[in-house]
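Take a look at the structures below.
In what follows, subunit A forms one complex with subunit B and a second complex with subunit C.
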Partner chain A sequence: MQLEQLPYTEEQIKQAIEEAWQELLQEADAEDYSLEEYLEHYRKYWDDPDFPNDIPEIIMRAVEEIVGRPLSWYCELVRDPAGFTGEYSFVVVDPKTQKCLTYREYTSDGVNVHRFIHVAGTVVDYEGIVRLVTKLLNQIQSALADA
Partner chain B sequence: MDREKVLQALREAQAEYNIENLDEFTKQAWEEGNILDAEIVAELTERAVEILFDQHFLWVHIIESEDCEEWIPDGWYSFVAVHPKTHQCLTVLEDPVYSWESRASFSARIRSAEDAIDAVTRLAELIEQNLKGRAVE
Partner chain C sequence: MEREKIIAALETAFAEISGAEYEDEPETFAEFLESFKKFRDPDFPVYWIPWTVEEAVEALTGRKFGWHEDAFKDEWNYTGEFGFICVDPETLRCLTAERTDDERCAVSVVFPILEIEDAVQAVEYFLRLVQQA
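Here is the complex of A and B:
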């Protein structure tokens, strides 16, 4: 899939998420285990430090599948004093140009410019993954269009 | 990167954050696992780099921890810096063969004043390389 084919559909996003999950299973040489089953465990043990958190990998593999090429990225699992909040914060960089694709800015009052270099979202279920992949794709598409 | 310039930048950043003894402060942030002090260590490192370049950058930093549940800082920090005008990621260290495996972040251990000097020096050198072209591993 090439960049020119964007925008993407929700169906494509869901397919890319499933493909990302299958890839991870194959790499881990794991038995057949559905994403739904994984997310069920995730909901129970997400703040357990020993729980293998594959959410960032699933999200970025799905994004890369739709964008059509690998991207450099960095993900922070957002915490507060009580522990992991369920929020993931991504910085995505185009390896070809080194441009930060998650850079955004807006003015709240027409004077002050607020700048961000990350895109964040909370994932507690499958819909959360779809929402965050969509949010990242929208931002990346907009950054690539500005280039 | 000239050590004297780095020291001066750190002294200026220290003054901005009202820190008298950087060595004690960084040690304390690590040994006592104080997350708020660790935040200041990260911000101070970023500020020292900005003073060296005499310009602001956009930053994301992560205070690393060994114990994810308790979130106790282990003295390691990761930084991502982006140029506010060009949006270029300045902390990318490019893999010469597999560009997509390039690292977007810079990691450093800061548990003492000497570690802080080393972190600011290496971070500033990486940013300098990326401002000139591309930093390659």
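Here is the complex of A and C:
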């Protein structure tokens, strides 16, 4: 889906991501460094279990900021036998109604229904974060409109 | 529901998922769990475990659900714990959601599944959730 279809601009999404990043820095009482610096470090050490993985937190804080209310969510860091793949898989639930906002189903042959309750995306750089926030917003917005 | 009926549903589901139904001396789900408990090997097809639980729940309720499952891993091996999220496709309600003190809710439930009894308990839990919904 294109950003043009959304009631918010790419600029707003980038601003929400930056605010989420600043919030996390403040909460961790960490020194001021940019999200780009963090991502550079992240690319080198993402499979180190001690590396603090803030990516899902940044993504969902940005989504909540734009949606304008708190959401409940679960994020799986997708792994294969070699380790973390860089893919994040989110399930988002409306805490008020407990409805799953990331549910989709489709049928490829008219008989078998495939059900997905998550939205996934790979993050290796800043653009990856923007893409995943956008993807989540598209899905959540359409689920909230259907509710 | 009777324990035997749940175990039978688990074994049938496992045979389908693992392809054991086509083998001459198929490994049972209980045996599979036993070797998983011993080794918790990172190359193990560990997702067969939550998929078996989910299929058994669907067979016993006669309904389909939306699922998400996560096999937890420490630095080296699988821990034997599995996170589950279950959504009712008719209402879109997340059946595993539980209110917390703040304005959010917990979305997933976690079960250790290292023995057949653990799997039976997980199935019983989901059957209760479906019944309550």
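We adopt the following convention: the second predicted complex is superposed on the first by the 141 of 147 C-alpha atoms of A that agree within 3 Å, B and C clash if a C-alpha of one lies under 4 Å from a C-alpha of the other, contacts with A are read in each partner's own complex, and residues count from 1 in each chain.
The rule is simple: a residue touches a chain if its C-beta (ideal position, glycine included) is under 8 Å from a C-beta of that chain, and two chains touch if they have at least 3 such contacts.
Just so we're clear, the structure is a prediction, and the values are computed from it rather than from any experiment.
K.L.:
Since both structures carry subunit A, what do subunit B and subunit C do when superposed there: clash or fit?
P.N.:
On the superposed model, which is not a single observed complex, subunit B and subunit C clash.
K.L.:
Name the contact category of A:Q98: first (subunit B only), second (subunit C only), both, or neither.
P.N.:
Once the two structures are laid over each other on A, A:Q98 reaches both partners.
K.L.:
Give one of first, second, both or neither to describe whether A:R79 is in contact with subunit B, with subunit C, with both, or with none.
P.N.:
both
K.L.:
Given the touch rule stated above, what does A:Y126 touch, subunit B (first), subunit C (second), both, or neither?
P.N.:
Neither partner.
K.L.:
If we overlay the two complexes on their shared chain A, which of subunit B and subunit C does A:P70 touch? Say first, second, both or neither.
P.N.:
both
K.L.:
Kindly classify A:D47 by the partners it touches after superposition: subunit B alone (first), subunit C alone (second), both, or neither?
P.N.:
first
K.L.:
Look at A:I117 in the shared chain and tell me whether it touches subunit B only, subunit C only, both, or neither; answer first, second, both or neither.
P.N.:
both
K.L.:
Touching subunit B and also subunit C: which subunit A residues?
P.N.:
Comparing the two interfaces on subunit A, one with subunit B and one with subunit C, the shared residues are 49, 70-74, 76, 79, 81, 89, 91, 93, 95, 97-100, 103, 115-118, 143.
K.L.:
So in the complex, which bits of subunit B are touching subunit A?
P.N.:
Interface residues on subunit B, with respect to subunit A: 35, 58-60, 62, 67-69, 71, 78, 80, 82, 84, 86-89, 92, 94, 99-105, 130, 134.
K.L.:
Can you name the residues of subunit A that touch subunit B in the complex?
P.N.:
These residues of subunit A touch subunit B: 47-49, 69-74, 76-77, 79, 81, 83-84, 89, 91, 93, 95-100, 103, 115-118, 143.
K.L.:
Can you list the residues on subunit C that touch subunit A in the complex?
P.N.:
Residues in contact with subunit A: 42-43, 64-68, 70, 73-75, 83, 85, 87, 89, 91-94, 97, 99, 103-108.
K.L.:
In their complex, what parts of subunit A are in touch with subunit C?
P.N.:
49, 70-74, 76, 79, 81, 89, 91, 93, 95, 97-100, 103, 105, 113, 115-118, 143
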